[in-house]
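Below is one structure, written out as structure tokens; the observations come after it.
Lettered A, B and C in written order, each chain numbered from 1.
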Amino acid sequence: MSKTTLVVALLAVAVAAAIFIGPAALSADVLQIRLNRVILGIFAGGILGFCGAILQGLFNNPLVEPYTLGSASGAALGAALGIVTIGFLNPLFAFAGSLGVGLLVFVIARSHAGALQDRLILAGVIMSFLCSSLVMIIMVMSGRELYEILYLLMGYLGVIMNPGQRVIAIAILVLSLAIVIYLYRHHRELDILSQGAETASGLGVDTHRLSRNLFFATALLTGFVVSLVGAIGFVGLVIPHIAKRLFGPKHLRNLPASFILGAAFLLLADTLSRTITVYELPVGVVTSLIGVPFFIYLYSKR
Amino acid sequence: MNAIEVKNLNFSYDGKPVIRDISFTLKEGEFAGVIGPNGAGKSTLLRLLSRILDIQQGEIIVQGQKIRELDRRSLARAIGFVPQETHFTLDFTVADIVLMGRYPYLRPFQAESVGDREIMEQALAEAEVAEFKNRPVNSLSSGERQRVVIARALCQQPKILLLDEPTSHLDLRHQTGIMNLLKKLNGQGISIVIVNHDLNLAALYCRRLILLDRGTIRSDGTPTELIDEKLLKEVYQSEVRVIRHPDHDLPQVLLK
Amino acid sequence: MTEVIFTLGAQDDLAGVTTYCDYPDAARKLPKVGDFSNPSLERIVGLKPDLVIVNLPEQNRIKTELEQYKIQVFVTEPESLADIYRDITNLGGRIGRQRAADSLVAYMRKRIRPTGRKPKSVYIELSPRPLITIGRNNFLNEMVGMAGGKNIFDDLVRPYPAVNQEEVIKRDPEIIIILHPEGIKDRIGWRKIEAIRNDRVYTDLNQDQLLRPGPRLVYGFQALEKLFE
């Protein structure tokens, strides 16, 4: 069986598990709820894996993921603020937070000398810490909203929706797919960037514009994901490594692989989070718990 | 047509001037070497010519067009740049790396064509790395990797090749190998500018030498004209002997 | 507890409250020492109180700090109704209002007692995202049980568990009580739940009467009783 078939089969299994496993009997209504979860899972997992791969390629750094650059923490901060102030319209807050912080990071990075990529990482890490601290402050000062913020920080796919919210979610999904395709167009540039910014410039790549465009596009996507399902960590970090191990360094192949593997991984983690206990666990907890040992295993085999 | 014209080029890093009012013309088919002590601005000049650095003051004209009016891809189709060392973070095969040289010719969702692959094969053959085609690039020696990078530059089908210290990290065999390859390419009509520390290699292969000192052109001419004891002592601040190479009518430098 | 103090008639002795204490109106005019989760040690000490009433587990940190400063602390940890009665009785004794306290407790015990009706299954939602409900170790759960309802999640031990919406669907409650401002209309997949089919979803119950351990629980209980008839 080719690797591609294997990966797609894995996704199919994950989808099946998400649809057929659950506490209630499978009726038309329950099916709707589960399908919602599946779609959110594929969207969030796929985008996180994909963005992780894009960012690791853009910055030529294997430890980068949407969190590192501040956009995920910014989105979480936005949503947390939304939760303790108005209490609804959180997606909008999350989205504003992600873009706002992304913009801030970019402006900070641009105002200093040196290669744009290095500065972006530095500014992103700093903003990430800042946002996390601010969220902590909000958490300490909140009462019952604490739970909601906690689940926001760890992500969860079982979001209750009414038909209106579902329409918005689908619109966001479609827009995100368009952005994903836009990002995929740059697969060659990412291959080239891995040899250094000078090589890239010499081959005709506008590294400054590329960094800026890819950075904002991933910040947008991250904002979308966090606004719908919260901040799920680890997927964006680990999945690209697995994709590269399996499909090689060419981004033409490992970008779609990152998407599919990310989707499969998140769906499986979500199914686990629903079945381990009666209580609903935030899926981010499960992604870290199974992700970390798996990652260690993968690297020890080298 | 001239390959490159440089007019009144000035460039500063962090407020410190590195290139001061440089002007020269590179004719088509020339094989020029840029020499000079550390900090003279040689590498910076090369990077300005290939637009890795954006020019601040002055003009660079490549094949009749101002560099600022050319989009990056067009420039990459005219000029191939080979850096001193390339660090390959991802372990692509040699074929993959060299094929990336076709980037300036491809649209985003366009796949590499049969024609592109043929050009890649040709470049591999020219650079004499065809036997390594399917090997991961990091399994090669540094000399072989350097040839791979040259092959990639050839894939750009440039009229001009710029190389920054192409032989610095190589052993003797690979050094002469690369220089002979460059000579062959020059024979096919590609204009070449190399920056080289090694004065003797530069003297043997380059038909024209440009001596840079603290950002300005100190001297510009044939090796015989530039490799002169008095001039070298003044610019490099060290005593040397210049002798005639026993096999060629060219000067060589010996340390005193 | 602020409400208890007012009921016991000891409000003149009340030097300061948290921002959470907004009932009765007079309480709002009292000096504030910070919010419920994070009261300010400085402000409290500044008021020079003879006694500070602390809620566990949320205010554990301030309790430790106060004890370090040798300030008298009265601890209340109201998980069950019995806990609440005990705390009121003890507090009454501490502040010299034993009779009023005993009388309040007796009043509450009289009003909050089992109705003996056949229980109707009920789902109580405290938050929509994630779904938070009440579990077994919770005085609201006790009251529901006595008022004629059966909390569909009373098999879960934790007082405020987060649950999967499929569990709500599976347990099919006859009545749904929503204790947060967001509505429940048109939730995807919830159509067939009995409470929704029969339009027995209640969103206008007063949260404070159900979630605050104090005398107003009596009103909350009465509201519940009426609901379960």
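Keep this in mind: a residue touches a chain if its C-beta (ideal position, glycine included) is under 8 Å from a C-beta of that chain, and two chains touch if they have at least 3 such contacts.
Bear in mind that the values here come from a model prediction, so they are computed numbers and not experimental data.
With chains as nodes and touching pairs as edges, the resulting graph is an open line. For the pairs A-B and A-C, the count of C-beta pairs in contact is higher at A-C. Our note on geometry: chain B versus chain C, Cα centroid distance of 78 Å, whole angstroms. Rounded to whole angstrom, the centroid-to-centroid distance between chain A and chain B, based on C-alpha atoms, equals 42 Å. Averaging C-alpha coordinates per chain places the centre of chain A 38 Å away from that of chain C. Contact residues on chain B toward chain A in their complex (touch as defined above): 14, 47, 50-52, 72-77, 79-81, 83, 86-92, 96-97, 100-101, 103-104, 106, 108-109, 153, 156.
Contact residues on chain A toward chain C in their complex (touch as defined above): 22-25, 27, 29-30, 32-33, 36, 87-88, 90, 140-144, 147-148, 151, 156, 158-164, 166, 274, 278-280, 282.
For chain A in complex with chain B, the residues that touch the partner chain are 60, 113, 185-186, 188, 191-192, 194-196, 198-199, 201-206, 244, 249-250. Taken in their complex, chain C has these residues touching chain A: 20, 35-38, 126-132, 156, 158, 160-167, 169-170, 181-182, 185-192.
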